[in-house]
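Some structures to go through are shown next.
Next come two complexes built around chain A: one with chain B, the other with chain C.
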Partner chain A sequence: MNETAQQPVIGSVLRASTVGFVCGTRSQEIIHPSFGAFVRTRHGQSADFDVIGVIYAISIDDDPLVRQLIMANNLPHAAARDQRENRMVPVEISVLNVGFIQDNVIYHNLPPRPPLSLDQVCLCDQHTVVHFTRQLDFLRLILNTGDVPTEQLLAAALLQAASARPRNERYAFLVDAGRRLAGMLSHDLPRLQHLLQLIRPA
Partner chain B sequence: MLEFEKVVPQVERMGRALAAQNVTLNERMDDAWEFFKSLSDLDAIHARIQLARQRDAGFRGAAPLNEPINRAYPLPATPARATIIAADGSQIYPNTHVAALYYLTNVGIFVYHHGSDALPEQVTEPRLFYTDQYLRDKQGQLINNTAVNARRTVAELQMLARESWERRHIDYPLLALSDGPLLFWVGKDVPDGRQLENEYLGAMVHLHDTHAAMQRDLAQMASLIGYVDRPTSAFVVSLIHLMRLEDDEVRRSMLDTNLELEGVIDRPFMFKLLQPGERSALFVQQSPQNKRYHDKGASYEIVFFYLNVGSAQDYHLARVEMPMWVARQPEMIDVAHALVYDQCQVMWRYPYALTRADELAVVRAHERTQLNELIEIELRRNEQRVEHSEKLESKAVRHGRKRYAHRFGR
Partner chain C sequence: MSARDPLFPTSDSLDDWFPREMPDLESPLAIAGRRLGVVVGGSLSKGLDVKLDRETVIEDLAVGRYVVVRGQHKRFFCMITDIVLDATNPAIRSDPPDLSDPFLREIYTGTAAFGTLHVAPMLTIDVDEGEPKPVKTIPSHFMPVEIATAEDVNDVFGHEDETHFNVGAPLELEETQVNLDLRRLVERSVGVFGKSGTGKSFLTRILLAGIIRNDIAVNLIFDMHNDYGWEVVDERGPRAKGLKQLFSSRVAIFTLDEESSRRRNAKYDQVVTIGYDEIQPEDLAMLKTTLDLSDSMIDAAYELHKLWKEQWIERLIDASAEVMDMLREELSASPASVQALQRRVQRFERFGFLRPRALDDSARQILAFIEQRKSVVLEFGRYGGALEAYILVANYLTRRIHSMYVEKVERALGDESMEPPQLLITIEEAHKFLDPAIARQTIFGTIAREMRKFNVTLLIVDQRPSGIDEEVMSQVGTRVTALLDNERDIVAVLTGISGAGGLREVLARLDTRQQAIILGHAVPMPVVVKTRSYDADFYQSLHAGPGTPAANGGNGEAAPQPRPSEDRSSRRIR
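Showing the complex of A and B:
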């Protein structure tokens, strides 16, 4: 689980709590992060754990200058590059905490402390994703979170976790996840049905 | 706190008064417009201005350079490639209520490679002034904000000249864009005002040197432009007023105001004259300040034209100023005209490069706060006592400043 150095850095922590955090990046650097992807913070020397989270929103802030450029409707490529590469317009990536790694041990609980401002955030490598999703306790954490698109997020996270596995293990993983969800959502059949539809193996 | 119930009736009265004033002005303007359209004899205009000069009548209007004034000049072809360098500045004024006395100027330079996909360049130069040499005048009094503004203006043009000079080897026309009028003069309340004026003119000479070097080495040109957005000047109106007088009326008492045209500005005339993209004739503003520029060297007298940078649905006027070395070369006028208009189309009525230079230069309130905190930390590190004024402390409390107010996910 030390391969994070090779994984692309997607941003730095802007603000955080034990429930989640928001990291910022420049707009031309949003090639890698995607909705439902697993990320981990790369802590500074003072912290003794990495937070594991799932991306639940990617947003680009409103900007008066961009509005004016849109109104003018005559944007040369150089000006577009200037906006994306020179200007300090951050893209905000919102992350829900689903666990943490301490001394190479994975915990499926909220972290004891939030990551710190400016901690780097990178995508989890496949090994970490597989390792983290061997247990599906994080599903309940996501299900119980308000203010996030729960079903879409669960489905995206599970599909990403499936695709991190060898092709012959993906079906079994998704079926197992479906069973766990059925247990958790037995009181809400329409929601369960929608979720199962979303993660149905191809 | 503003009590709107007390202000609203005043706003209503203001609206009625301005509307009535505009009706009267519009009637006077219609007559003046008809007269302006008939002003086609450049020799007669120059003769009348010469008469005003001979009689020391204090004419402060526009003098046509060499083009008929009652016609519009169409938008020329935009050059395929060009380097546009824009400069703007901002400042933090000296404040006796913070821990240490200082002022700061911050100049932003934005370089746009027109006709290319190359990433624009950006340069900023913040300068902190904290010694008495800069903060106090010869009598030991703290300098005022006007002095800071004057020094910032000089720094802007110097940096614009420096960055232009560094790009003199680029084999495309170069356009140096400054925000605001090019004529610079200071009052007696600015310490070393004459020296500042000389430094400003020195920067203009530096830009002229860039032009000379580019002409010599590459057969290219470097122009300097001062861009004035939504001008409220009445230079052309003053000229109309002068031309409507009889010869024996050309005297100071008649030119102190524009009489029945007083309060009318050039903008509505130019909107009648200019379609989007078109410019007016070239004019030289008649003023003692511009005469001083002329006396320093014929190449430095400031010339201007008006330009409609808007669209068919929404006219927008700018005054584009340039030194005589630019104005006397038609191809340089064309390049400036086309590039300024093109820049305004990127940004919807204002040059993109200037917008970005302004953005680079501006010091925001939170940055000013951070700088003050940095200074306090440094003072403490050097075992200096840090005191704030009661006024500042109480302001912070009254305005409810929140420094760390944020929460996860907003």
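Showing the complex of A and C:
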């Protein structure tokens, strides 16, 4: 379960709770994280576990300067670039907690405590994604979360988990996940149908 | 391409291209013992509900097949009685998913939409005791359900021996046998039912052959259509052998129609004739519905018998107008009734076997054969088409034999060596004898109800079991039933059989050929059998004796001998 050092750090924890956290990053560093990706924190001295989460939102807040720049005529290219790269407001990446890793063991529960601010956050490597998604308990966690675009997030996470697997295992993984969803959403068939359309292999 | 490439053999031999032993994954054998699903609910009275696993192909299942539920301490034998398509959400019916997409099909099948079985528990076998017992409890939730294996079936139906006779194989388990307990079979009356053309006479012939081969009982067969004694023209295939050809020294053919027997080259032993003087008014009363006799005509018959004694029929047939005038004064019955009775009785003149005086005492002769443990087939020849002849003769002979039997049994005073042998009387078109209106008066009604203690039981062959008196039906211990599709007949056959409610669907869906349900006294639990073929293999097995290789369905494998510890008498549903 050792995270390889090459996995890019996508930011640091800005604020956190046991159900999720927000990590901030510079705007030029948001080429890696994408909606539905699995991320994990790297714990510091104070904690003994890493939180695993799924990115459900990436937002870029405004600030007074950018408001003024938008109103200005003939904005120089350099000024726009400077505003993007050097602005003092971080890009916010919102993450939903779906599990944690303690002593190299994966738990599909919410973490006992939230990560601490400024803990580093990086993308999970393929091995961790595959390992974590062998159990599909996180589907219910996501389904029951209110403030996220549930279907889109589930579909994106499942497709990411599928693509982390060898090509010949992807179909079976998606069928398996689809069956779990069919079990959970038997009361809401239109939603199930929509979700299955989203994860259906092309 | 290498020479050993399995996909592209270069050999000239066809076997290399099409191997003889291709594993056929969907054959019934391949699915025996495979898990079908889990018990999810139900009750002892209504049967169990089984949710099928996703992998179970519903089309491979069939009502009537055995499944085994492996509980914690017991094996439960159940029969599939219904197959249901179910869904977790009924709304799926109004908006079915697009299953042409294989991805969606794989997901929906077995999750949102799934199959359910209804199974009726029939027997349990305790893991420790290994003895089949009637079912008194049910397995707990989520116990796995499997298709019964050959081994499971053998544990219930045992092996062929002196008293057990192989009548066929359970559905889809053709390497096993259903062995009827013949002693229990003849102990109470037997019914063979099925609509016409479903092989009732073949079934009956197989049962009779088993009973004669194992010398369990002596048979008296009233053979309406010449089906049992000599060669039988099969509707589908070659001529089938009659019982006399199979057991020449132990079967005698009596015939009412010498000419027909001679024409068919049937080697008959005796010709039966009945004198007018032997016919009693009671015999005529039996023909009430067949001859359309009114109560006043029957009263007139009793009066005539009183007046003319045994000559009453002979004199009535020949009675002239003057005699009729004379009768007007002698009898209290109306002249119209007497004349109507005369017209009915004159029909007897068509029957060659009825004569003013009989040549021999046929009943006594038949009884003599029976006492020597020889079965008797009474062929009706061309008179089989006349129901009144059949009923008259069967009733007359049976009444005589019955009274002689009662006398003998009473004289034996419990001394078994003196008692006459167990007698099984086979009658066809039984509902004509056992009609609720006449069953109480006829000798067959009496036999069915109370003759067990006099060693006489009935084998009734009929296509309208609903026409048989309910009280008589309740005395029919073992029922062998081919396809029935009339609702009332199905209800009649299943009345009084424990746990039979679920068998209704099974019964209505039997194949029209070579399939039957056997329920009741002679089998530990109801069973759907594919009956043995009545062919050369069968003839051979009869002479080979029970438990020998040829008797084992002719497949060359010796049937293992029963375990000595087995108490076969406990194998029944009480």
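We adopt the following convention: the second predicted complex is superposed on the first by the 200 of 202 C-alpha atoms of A that agree within 3 Å, B and C clash if a C-alpha of one lies under 4 Å from a C-alpha of the other, contacts with A are read in each partner's own complex, and residues count from 1 in each chain.
FYI, a residue touches a chain if its C-beta (ideal position, glycine included) is under 8 Å from a C-beta of that chain, and two chains touch if they have at least 3 such contacts.
Values in this document were obtained by computation on a predicted structure and should not be read as measured data.
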Exercise for review: Give one word, clash or fit, describing how chain B and chain C relate on chain A after superposing.
Suggested key: fit
Practice item. Report for A:R200: first if it touches chain B alone, second if chain C alone, otherwise both or neither. Key: second
Check your understanding: A:A78 contacts which: chain B (first), chain C (second), both, neither?
Key -> first
Exercise for review: Return first, second, both or neither, reflecting whether A:V19 touches chain B, chain C, both chains, or no partner chain.
Suggested key: first
Review point. Which partner does A:L65 reach: the first (chain B), the second (chain C), both, or neither?
Key: first
Review point. With the C-alpha centre of chain A at the apex, what angle separates the C-alpha centres of chain B and chain C, reported to the nearest 10°?
Key: 160
Review point. Does the superposition put A:L174 against chain B (first), chain C (second), both, or neither?
Key: second
Check your understanding: Who touches more of chain A, chain B or chain C?
Key -> B
Exercise for review: Examine A:L192 and indicate which partner it touches, taking first as chain B and second as chain C; both and neither are also allowed.
Suggested key: second
Practice item. Between chain B and chain C, report the minimum C-alpha distance in the superposition, expressed in whole angstrom. Key: 35
Point to revise | Where chain A meets both chain C and chain B, residue numbers | key: none
Practice item. Note which residues of chain C are touching chain A in the complex, please. Key: 54, 88-89, 91-92, 95, 97, 101, 103-104, 106-108, 110-112
Revision key, fill the gap. Note: in the complex, chain A contacts chain C through residues 171, 174-175, 178-179, 181-183, 186-187, 189-190, 192-193, 196, 200-201
Point to revise | In the complex, chain A residues that touch chain B | key: 15-17, 19-22, 65, 68-69, 71-72, 74-79, 81-82, 85-87, 94, 147
Review point. Which positions of chain B touch chain A when the two form their complex?
Key: 112-114, 116-120, 122, 345-348, 352, 355-356, 359, 406-410
